[in-house]
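Alright, structures below, take your time with them.
Each of the next two complexes has chain A plus one other chain: chain B in the first, chain C in the second.
And now, the complex of A and B:
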């Protein structure tokens, strides 16, 4: 806008009028193009957000409906919920574990698919297949797989005399966490491979060749050329993975339902329980708003970090 | 939208309670070709479907039933209630009834129920559980009971009398131990060690049989740390400790497969729902080898958890007279004998157990034990006992798999949840 005015001062009198008219028209056209998106954002994002925010300020039973403002009751009750802090701690543990595993494995698979030329199409398909499965369906599959009652893993091991009793894959807190992590890694590793493959293919070959000519070993090449240039893709993958893991629900809802002894309850499970078991939409909405704020803060931090490192 | 409905309801209530007019309406409702909608949970689909088909075949009114995934049922009812879109008729797992009646989801049926002929022959537990603040909102619909079942073949192999099931909890434990000694794939007993609903259904009758309680009558105070209950937990803790209980399956059992092992013929004795015996006959279990006994207490006695579904007319329905016709018909001899008994299920009438279809003494037991049973009442029953993250699972897992050191504080958490 500043440049437009400075130009208009220097030009003859009729031109700025036409120019302004064209500008207005262009702005209107541009605005018209954004209308569909704007409508979607208002209807599907802003309106529900406002409704949830209002819900979180009200006494709002699942069966009774809105019974008026009761702020700050719902927010205060969050701190008294005995499941709250354990669920936060568990969600953070799960997120760190899954993010490290998924990014590490995704990068490994991406490098493998890129270096192995002969089988790359086949390998890529194999790694991507689980991605096409729904998470709930995959969780149900895993439930049958892990079940000591109907699972296929324990019987052959028992027959071989390696174990006396069926393995309880979901029996202890640690076992349940690792079993669920295994499912999620199996399901999503292919996806992160894809994200990172795109990043890898964006690195021009001549950079690598130049480094090789300068006498860099392949490890130095990876560490000082590939990794820095892959940073945008890695950051995107991290943001997706952290956000997705913090909102984990389906896999635990189906596999463990919080068992054993409420040690695998995630933050979203607490929200679900408040809404549908305890029938209190008010406290569920307050928790949702809290989770939203935390997610926005984490994403801001991640973007900051990403931008900061790019400037270096 | 709401004003005329309130006004209409008020007028209707006035007409019904006014002397002289109450009896003018047909106590069995009207059958004038009304289209009715009915929602129920998928868990009771087979039995509801039998009733609906028989009703539609013999009446002008037509009922269209919708079966909702059991785990989603509460959510679906909640969403429909919020949108004033409940169907004419809907059923509720009895343990959720107080929650829904207290939230005003049903129409008051007190006048209709009291005017019904043979009302004294209808299973009282089903009416009690649908009563809130002295008003009756529900009638029994589908009956489900808990009993002990034992495997006679395994009893013979273990040197026990195959015709003599347990009559006390101690005998239950002793017989399970004898069977467990057979070893191999065979286990003494099995239970849902991570399933709140399962252990409400199968353990409450143990205390009731001894004349003890689970909660206060209002369902707001937990008695689950009493002397009686401490002894009950100890019996199961010992069964787990000495390997009589099938482990580790029991500890993880969240409900989906808690009745799956008995039909395989690998369990000596365990509590089971009173389902069709023929449904249990399978790869490892023959009809003749299934023994059925009432659940007993530490000292003896007999009791059962009268579960299943209640049915009522939703507050949103404008077709109450026709909807009542269906509810009243379910209690008729025609429906109870020719539909329920004929299909081998448990009746909701107490006087019809002697009929041409019930010849098996085990099915006869199903149909007579209900009179000695109870249904627990509590507005927050579901959130306390059925919720996978609720306090009941925490309490009994600590008491059975742990040492029960936190029993007092866990029981306090139960009372807090119940009275919230």
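And now, the complex of A and C:
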């Protein structure tokens, strides 16, 4: 210990003073290293948050700027926006579907690549490859993949006589929802595999061995040992997946643009349209604040719920 | 076979059939997008035989591929540099120093994760315009770097915490100040953390669509994702799928190569997160 050796040479009366001075210097040094973080948080996080709150209370056009407080008009107008409730409902459907599929497939893949073999390592790399792609790139890939013009799925089925016309992957609201879900699951499954693999590796082998000795089948072992012990990783995966899906934008903006008939518009897309198509930053800000509040509430609920069940 | 020492859930053959099938499903869209970009398509620059016509279309579109790729590169390099600098200093402070407000500041950094992109982008659009950073690649990089901070700061904090204290104490006895300790002693030991943070920041910045879409209105400033998305509707409602897929390949290739090279850091990033819960 550096500090104690140097302090021991001082007289007893000097010690507290010197220690306090060293302590203060050390505090200041530590604080100094966080100044860049602090500046970032104040300038790019707290200031915009205050500003968006203020904008949500004001008449604020994209081109006209701040025209004074008009509270509560922006918030009231959310309820009158014909796209609002359908977008909420669509976003919730999408979130539930994606979360169930991604957690299920992610866990399945994690279980399949658990062994330490070359084949497992290869599989892990393959499942992770789409993760390195951007969501926009993956959506543009899917844009061609699902198109009747060059999509690779319909031609062989047509040749076999199974279908007469190319499949309209984005033709109906349901088809578009399922096609987009498939794209997102393909892109993110590897990510959730990784999160859950980490959880699986945290479960000691002897727990499984003890259960096997007691005569548990591998299915019982999975259900009563693996799943409960995996709860922390599953919670983390759920929170990440729900948050990410509720804020979905790129995939629908690129793939469907709301088609058919504005039935595939997500909450964040409504914010974008308010701000840059209807050029009303005030209502867009009000919507943003609403989304923020809902997201924070959902995260608090998830933490509560997932922590509460952990005690069982 | 599958779950270590447990009785396997699947037999040997079904296991290989299932995993092999899954591997093909996961690889197929990637392979297809490359095939679609070089195969002949009516109404594109590559209408007869295989070749690079779609890449030529993509190259010439908008401000031209050199400009667009340079925009993407500038945003990515700036984001990586800013994220690394801020999170290294911050992570070092959070791991090794005690000071007033430390826990609050760390929690505040993590809370960035809770805030939707859209919520911050609308006021930032106004704010960056006000300070003359509208249409600025620097503005976009700062924005993306800010969203990287929760993960990056957390990652660097646990990387620094994993270094034994004896290492820096002996350096302090030799007369190093705290920055000397950080620069000469600590940084070499946290290289895996730095690579992980850098890789995540690069992938996020190279691929980001929403921030440039909103913050950059000048077409000559747009990076790849926005440009390729615009490329689709170039000729009067007729969609150029071939050139779009060429754009996808150009966007994806650097990410895939970088990912394959640095894969173990990517995976290790998750592992170290798990140790600390």
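Throughout what follows, the second predicted complex is superposed on the first by the 270 of 312 C-alpha atoms of A that agree within 3 Å, B and C clash if a C-alpha of one lies under 4 Å from a C-alpha of the other, contacts with A are read in each partner's own complex, and residues count from 1 in each chain.
Just so it is clear, a contact is a pair of C-beta atoms (placed from the backbone, for glycine too) under 8 Å apart; a residue touches a chain by one contact, two chains touch by 3 or more.
Not measured: the values here are computed from a predicted model.
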In the superposed arrangement, does A:279 touch chain B (first), chain C (second), both or neither?
-> first
Winner by number of chain A residues touched, once chain B and chain C are compared | C
With the two complexes superposed on chain A, say which partner A:178 touches: chain B (first), chain C (second), both, or neither.
-> neither
In the overlay, answer first, second, both or neither for which of chain B and chain C A:97 touches.
-> neither
Mind working out whether A:34 is in touch with chain B, chain C, both or neither, as first, second, both or neither?
-> second
Partner chain in contact with A:306 - chain B first, chain C second, else both or neither = neither
Of the partners chain B and chain C, which touch A:78 in the superposed model: first, second, both, neither?
-> neither
Please work out whether A:52 is in contact with chain B alone, chain C alone, both, or neither, and reply first, second, both or neither.
-> second
Figure out whether A:229 sits in contact with chain B (first) or chain C (second), or with both, or with neither.
-> neither
Chain B and chain C footprints on chain A meet at residues 147, 149-150, 276
Interfacial residue positions of chain A with respect to chain B in the complex = 61-65, 82-83, 147-150, 165-166, 168, 170-171, 257-262, 265, 269, 273, 276-279
Chain C contact footprint on chain A (complex, rising order) | 1-2, 26-38, 40-41, 44-45, 47-49, 51-52, 55, 109, 111-112, 114-115, 119, 122-137, 140-145, 147, 149-150, 152, 186, 189-190, 194-195, 197-199, 201-202, 205, 208-209, 212, 217-219, 221-222, 232-233, 243, 247, 249-250, 253-254, 268, 271-272, 275-276, 281, 284-285, 288-289, 291-292, 295-296, 299
Counting only contacts in the complex, chain C reaches chain A at residues 1-9, 15-16, 18-19, 22-23, 25-27, 29-30, 32-33, 36, 41, 85-87, 89-90, 92-94, 96-102, 105, 108-109, 112-120, 122-127, 142-143, 145-146, 149, 153, 169, 172-173, 178, 203, 206-210, 214, 225-226, 228-229, 232, 239, 241-242, 244-245, 247-248, 251-252, 255-256, 258-260, 263, 266-267, 270-271, 273-274, 277
Interface with chain A, chain B side, in the complex: residues 74-75, 77-78, 81-82, 99-100, 103-105, 194, 247-249, 251-254, 257, 260-261, 382-383, 386-390, 393-394, 397, 413
